[in-house]
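Labels run A, B, C, D, E and F following the written order; every chain starts at residue 1.
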Amino acid sequence: MSENIQLIPGNTLLTATPEEGRALAMKMSRLIIKATQPDATIREKLRPVYAEDAAMLIAIGQTVALEFATIAAANNYWRK
Amino acid sequence: MSENIQLIPGNTLLTATPEEGRALAMKMSRLIIKATQPDATIREKLRPVYAEDAAMLIAIGQTVALEFATIAAANNYWRK
Amino acid sequence: MSENIQLIPGNTLLTATPEEGRALAMKMSRLIIKATQPDATIREKLRPVYAEDAAMLIAIGQTVALEFATIAAANNYWRK
Amino acid sequence: MSENIQLIPGNTLLTATPEEGRALAMKMSRLIIKATQPDATIREKLRPVYAEDAAMLIAIGQTVALEFATIAAANNYWRK
Amino acid sequence: MSENIQLIPGNTLLTATPEEGRALAMKMSRLIIKATQPDATIREKLRPVYAEDAAMLIAIGQTVALEFATIAAANNYWRK
Amino acid sequence: MSENIQLIPGNTLLTATPEEGRALAMKMSRLIIKATQPDATIREKLRPVYAEDAAMLIAIGQTVALEFATIAAANNYWRK
């Protein structure tokens, strides 16, 4: 792992819109993978493994759902 | 992955009814898969894999439950 | 998947009792499976697969727990 | 599955103590298994399968943790 | 399973510090395993199985995270 | 397992920034692994196992997401 990777772009959970919050959830979940496996060559080899595996795609969906729950709460669900 | 896919239809978590909120949860979970695997041909090949696999169907149910929890909270559970 | 399946019976998360809320959690989790795999013949074939598999029964339990958490919050935990 | 199985003993999430709440979480998670697989003979055959499998015991622990989270919130964490 | 095992040491979720809350989360998750598999001989045999298996160690981490979420909320996050 | 391992660095969930909270989530999830498997030699052997396995990296991401949800709530989402 690497301590030098930025884990939250912009260092905030607040976003202007739900769409941006969802994109942040995806980015945050990827950055944990990056911090755990900083070797880009290995990550590139793993990409087709998960991207063509139904079970792993579903698991990625669960991770993003968990991250998004936190981001949505932080933004008070973008209620007007 | 693709940065160009819309992740939240309508860019809002607010829906008129629980039924619409549930449908949104399903759509949002599918859009994460689409953003992670943008190649429609590969996604089509994976569809019968998960749709005929009991464990994966259950895992999809967990993902939708997680997404719906956020949507339901956003809508204050559609309490009158 | 089918867009024509009702995902939340009665289109409400509110129930008179915890017991009814729990039954709703079970129904909602099954309806996601039905919407993802609308072919009743395939679902019938999968039933003995998960119903006689300890790991899948446990996973079903996790799904119901997640759905119930949302329903219980919606009902303010049926506190008097 | 059977619709005749009681899913929540006492039809309430409220308990006098955390210990009782924890026991309720265990019971509720087992009753979902029972409702999904009502055949006691099959459930008896599955018992040694999960009770001697480390991964399944851990998964049971996750289920109970999820159920307990709801029960604890319902009881306002048994704060005095 | 055994109904005679204490599931929550001290019968409270309240702890003086986050560190003690975290230790309680670990203990509570282990006590569910103990209650589900009360035979100490079998549990001893399973210990090296999960303690040397990366996937199971990660799953244990998820369980503790879930338990801790409840304990932390109970303690209002130990905010001053 | 070892009772002597510090589980929460600084014995607090409060951090100055989201980025620090995210780093704490990663550390806390690793310390549970350490407390469950205190033998550093075994942990070192497991590192390449999970760091080169797509499914385990995703599972680690789920763990961190769960821990971070608690930390973010503790910090009131670092709202100004």
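To be clear about the criterion, contacts are C-beta pairs under 8 Å (C-beta built on N, C-alpha and C of every residue); 3 or more make two chains touch, one makes a residue touch a chain.
Since we're looking at a predicted model, the values are computed, not measured.
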item: Chain centre separation in whole Å, for chain F relative to chain A (CA means); value: 16
item: Chain centre separation in whole Å, for chain C relative to chain A (CA means); value: 27
item: For chain A, residues contacting two or more additional chains; value: 50, 55, 59-60, 62, 66, 69, 73
item: Chain contact graph, described as a line, ring, star, complete graph or other shape; value: ring
item: Sequence of chains encountered when the ring is traversed from chain A in the direction of chain F; value: A, F, E, D, C, B
item: Complex contacts: residues of chain F adjacent to chain A; value: 17-19, 22-23, 26, 50-52, 54-55, 57-62, 64-66, 68-69, 72-73, 77-79
item: In the complex, chain C residues that touch chain B; value: 1, 3, 6-8, 11-14, 28-29, 32-33, 35-37, 42, 46, 49-50, 53, 55-56, 59-60, 62-63, 66-67, 69-70, 73-74
